[in-house]
Amino acid sequence: MENNKWYRTDLVDETEEFINHKTAEERETLRESTGIKVLEEERGRVKITRVDVDSSGADEIGKKQGTYFTFTIPTLTPDDEEGFKQLGEVLAEELTTLHPFIKDNKEGKVLIIGLGNKTITPDAVGPLAIDELQNSATSIQERCIIYAPGVTGQTGYETSSFIKALAEQIKPALVIVVDALATRASNRLCKTIQMTDTGIHPGSGVGNMRKEISKETIGCPVTAIGLPTVVDGPVLIADAVDTLFQSIAAKIQEKNSPSSALSVTPWRPSDTSKVDLEVIKPIFGEWSTWPKEERLQLFEESLVGHDRLFVTPKNIDEWVHNYAYLISDTLTEWIEST
Amino acid sequence: MENNKWYRTDLVDETEEFINHKTAEERETLRESTGIKVLEEERGRVKITRVDVDSSGADEIGKKQGTYFTFTIPTLTPDDEEGFKQLGEVLAEELTTLHPFIKDNKEGKVLIIGLGNKTITPDAVGPLAIDELQNSATSIQERCIIYAPGVTGQTGYETSSFIKALAEQIKPALVIVVDALATRASNRLCKTIQMTDTGIHPGSGVGNMRKEISKETIGCPVTAIGLPTVVDGPVLIADAVDTLFQSIAAKIQEKNSPSSALSVTPWRPSDTSKVDLEVIKPIFGEWSTWPKEERLQLFEESLVGHDRLFVTPKNIDEWVHNYAYLISDTLTEWIEST
Amino acid sequence: MENNKWYRTDLVDETEEFINHKTAEERETLRESTGIKVLEEERGRVKITRVDVDSSGADEIGKKQGTYFTFTIPTLTPDDEEGFKQLGEVLAEELTTLHPFIKDNKEGKVLIIGLGNKTITPDAVGPLAIDELQNSATSIQERCIIYAPGVTGQTGYETSSFIKALAEQIKPALVIVVDALATRASNRLCKTIQMTDTGIHPGSGVGNMRKEISKETIGCPVTAIGLPTVVDGPVLIADAVDTLFQSIAAKIQEKNSPSSALSVTPWRPSDTSKVDLEVIKPIFGEWSTWPKEERLQLFEESLVGHDRLFVTPKNIDEWVHNYAYLISDTLTEWIEST
Amino acid sequence: MENNKWYRTDLVDETEEFINHKTAEERETLRESTGIKVLEEERGRVKITRVDVDSSGADEIGKKQGTYFTFTIPTLTPDDEEGFKQLGEVLAEELTTLHPFIKDNKEGKVLIIGLGNKTITPDAVGPLAIDELQNSATSIQERCIIYAPGVTGQTGYETSSFIKALAEQIKPALVIVVDALATRASNRLCKTIQMTDTGIHPGSGVGNMRKEISKETIGCPVTAIGLPTVVDGPVLIADAVDTLFQSIAAKIQEKNSPSSALSVTPWRPSDTSKVDLEVIKPIFGEWSTWPKEERLQLFEESLVGHDRLFVTPKNIDEWVHNYAYLISDTLTEWIEST
């Protein structure tokens, strides 16, 4: 979570394209557009979104060509052992999907790197996963090489250069980088694992190759596993305001609908039916009909001069340790099974 | 920060009386009301609010009779050594103000208790301060008795009963409890020390004497030092919306005022001039003119079914360690000087 | 492991009586003496020594009346999961043996206290076991009250007074104190659990009642569970010299014996057959025939002016964490089963 | 402190040459021998031994050509702030002596590597020093690149290869490796800093180039800073037995000497006057006149089948943290001053 980390959080389904195409029908359109394939699936309690971007799609949405996964359990809590187990299983399955070449390259090492600053709890999930991998009495060290180098501000050396230096000597079959992320979706905070074979590319699209960690810069496949552990303050606020508007509008519509007696479940961010926000304008004013992104911008501007607050759940220690165990256990089992 | 901790955060100047009497003039009225004396002062960069409530004032605002201090540096950052030094000095000075009897009772022990759960970073500030006090090579142990008992959910024993059991044997001259707090004012988060000689009384007014830690229940003076390290999600959101409304309304008023050219400083929560929110109603709707508390309630209701998110700054580890050192150093110096 | 802790380590079978009666036959004599019953047993790999001392026996050997257990696995290593499991099972069984009254007093609380200084690894086993008990998601807190108060030098308050203050309010059915010990037998270091219902009585026999933690001072049964994690430097040395002498003497005797071809196992401290040390006098001199205790005294005197070295195995962290888990798990299971 | 670390501890003045030439006169002879220069000096309380070995000397004593420093305060204790300060100052001075080229190469980076396993306290001094360097708010990161890679058993990658991979990219002006050591001299335990510009060469003389970390293998100057934090059990024992013999023999000689009334100071390992061990043969036997190394061998043989006990002082945490601060502070100041 160094300064530029914000940009890394733009996983495909958090880009503006997706945000502005919220309804089911509209997503369908996107799915059919050239160059982008979106698959949504539920496996147990885990919602899986897989987005494949080819070269034409990359131009269209400004994301790198490759495969992007999101695994989410919206109801996950820190003591939900069953939930973490399911997340781990899905992660292991899709690790296999994403890396068919590993089975054919038993000699090749897997270089596992945990990024982040261990002294900042929400950024510690990468280093803590490495601690687990390094100190467990497994034989993972025979197949893997495992480091938590620390952040550039601590080490005095660009993390991407560190990985390049090692990769040049080791010639690994695969590099896996584990990192904490800032998310733009507060309802995903600590409930999601993101995985992509496009690596890590801060300021994506801007072409900051120096800090990029990817096949292009490292010379071997790079898979990034990201855990969203903080959310930007204004985003949290804009999301909550959006939830409020959607929720009130849904209630008003419900009342006016003949089937309202049957419909008691509250509105949830995942609902794909379009709510007509016009009905709430008298109470919440003109801005309630604006796109959410514009309200976010308003919050960001009005909070200038205040601290830029990245916020994290109160029990972040527990979340972070749970994910460190999950990543360590899943990678160990996956490596042993390949 | 056990479940009931929320209620403890109602320091006098966060009560509804204060929230609904925001302007300078209105505060003045409150100051003159019977039974409550409010003193505001700046010492260096530290804003000091001292509220004295006598028995008639206690009835009026529903807070316990006693003295309440708030020490704030609104611009404090984790690496602001000078700021922490100033906070510590003011705390030491007011510890002396609040406990004139300590100088006359050199035989009496001071029982220092750090409350909270050490495994949850924002709740660890009390136990960490105790760690510092216990392991520093000072002679504070001659005058003080120092414990971090852990929370009831860990120990199986009510923390107030723990303190009572010790106090009965030790008959201390003073009990000091150090605790993390949830604050209702997000702009105070990690920038404030609160101190009161009324002790800790969860669910104040409700009469839950069992958990109260005060002169009445312990049998000797009890001073609480509180550090606000988390903020309730809906409060953070309602505060931000309020800031947005005030800020936009202030800008509109400014444009209409002849002196607007001179006034370029952005609106800050501490501004006491009343902003007319009617001007923003077309954009932000009816609710923008409601009392802030009603918007907060709306956010709380719309987020039912979502996690109750207590949020904390990203670099909470650094804040918490800084405050642990500050409390340990200040108490050590204060004890040595008395 | 406060200054007086050395004395606490004199578990019955480390007293001079035992040391000077090394052979099997001689032990038999002691067993038959009035007032002391010694039972030796192996359960799996665990060697169990149970010593019951009645009031006449207490006079004879200067140990308090009560029951003393030692559970040892001489070949235990830190990664020997099976060994730790066996130790835990035996401990649970004998906890039941020692406390038949617990089953009949389901209302009575069990007060569990971890003694020691958490910042000194070999002394941290008690506090670490408490950490485990406090933070595990079990329901042990319903039946137990659990504290790690820290040592007197940290808290400013005598640990025995702390326990007394709590016990007075709680009136527990049983107090269990967990503590690290200095052992006089270097071959037991980190391989032994000691348990006694006589509590903790530093400077036993001397009558320092102030620091004693026992039924007499606390007012309810007190069981001490002790883990030997350090050994006094001179003791380590005297033990090694003794091992050398016994080992060489045994080899010489073997050569002179007709069955020597069959006997290839090296001498081990647990061997009970008497070795004739006269045979080694030409090489090792007069002192090789002295009682071991006199050689120990010589080492202690010659090292005066040097540091008093309490030594600990290099991988003490691992040992200490293993025992913390073992104690926490065993106590949890035992409490749940009663 | 990986398995081969034992060998690394053979600093020049722990080699057999030195051990067998104990008296002042004999050392003098060594000093005059071709190819080896020994300088002994006291600066404040710090005893400094500097050994320069040239190519002919290297052949003679089987140590690598280069400069070897030992800085010792025999009376150092963990809370001896003044002592640590003096050690740090001497270390800084000799860092300057040893690296005159640093001043002329302000562009060149200094690669600082902390070796060892952070989860084993006596082996954690290197990683902990790196933690301090990485997290202090200094500008050392502009000039230095700082890593604690962990041990090969954790990372799956040879530590020497790790350093080589980085050095190849960074082309540093200097590599500094900080490491915990096992010492052969128990009276030096935690009281000594060793420094050499010959790097780290496990199994020295044996030619295990793969694990060597030196100018020859890394391609730039490599300075090793070593902190002896553990001692091999048999060595501790042999040392103590030696101390006993010397001490008793010295006392006997004293009695027979006319000046005995004046001489009351006990024998200390640093005494260079030769004691005649013949006088103690009646009590301690033939072996008391053997070279110490032969007694050590005897202890090693007799303890076969027992654990190989590497021992460490009880308060090793405190020692290790003190040295981590010392190394971090000294390197920071030294870098800033060059």
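Letters A, B, C and D mark the chains in the order given here, with residues in each chain numbered from 1 onward.
The rule is simple: a residue touches a chain if its C-beta (ideal position, glycine included) is under 8 Å from a C-beta of that chain, and two chains touch if they have at least 3 such contacts.
Values in this document were obtained by computation on a predicted structure and should not be read as measured data.
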Shared numbers divided by all numbers used: is that above or below half for subunit A and subunit B, i.e. same or different?
same
So the centre of each chain is just the mean of its C-alpha atoms; given that, what is the distance between subunit A and subunit C in Å?
52
Gap in Å, rounded to a whole number, between the CA centres of subunit D and subunit C:
35
Contacts with two or more other chains occur in subunit D at residues 119
If each chain is a node and each touching pair an edge, is that a line, ring, star, complete or other?
ring
Got a list of which chains touch which?
A-B, A-D, B-C, C-D
Residue set of subunit A touching subunit B in the complex reads 1, 77, 119-123, 186-187, 189, 230, 233-234, 236-237, 240-241, 243-244, 247-248, 266, 268, 280-288, 298-299, 302-307, 309-318
Of all residues in subunit C, which touch subunit B in the complex?
109, 119, 134-135, 140-147, 149-150, 153-157, 161-162, 164-166, 168-170
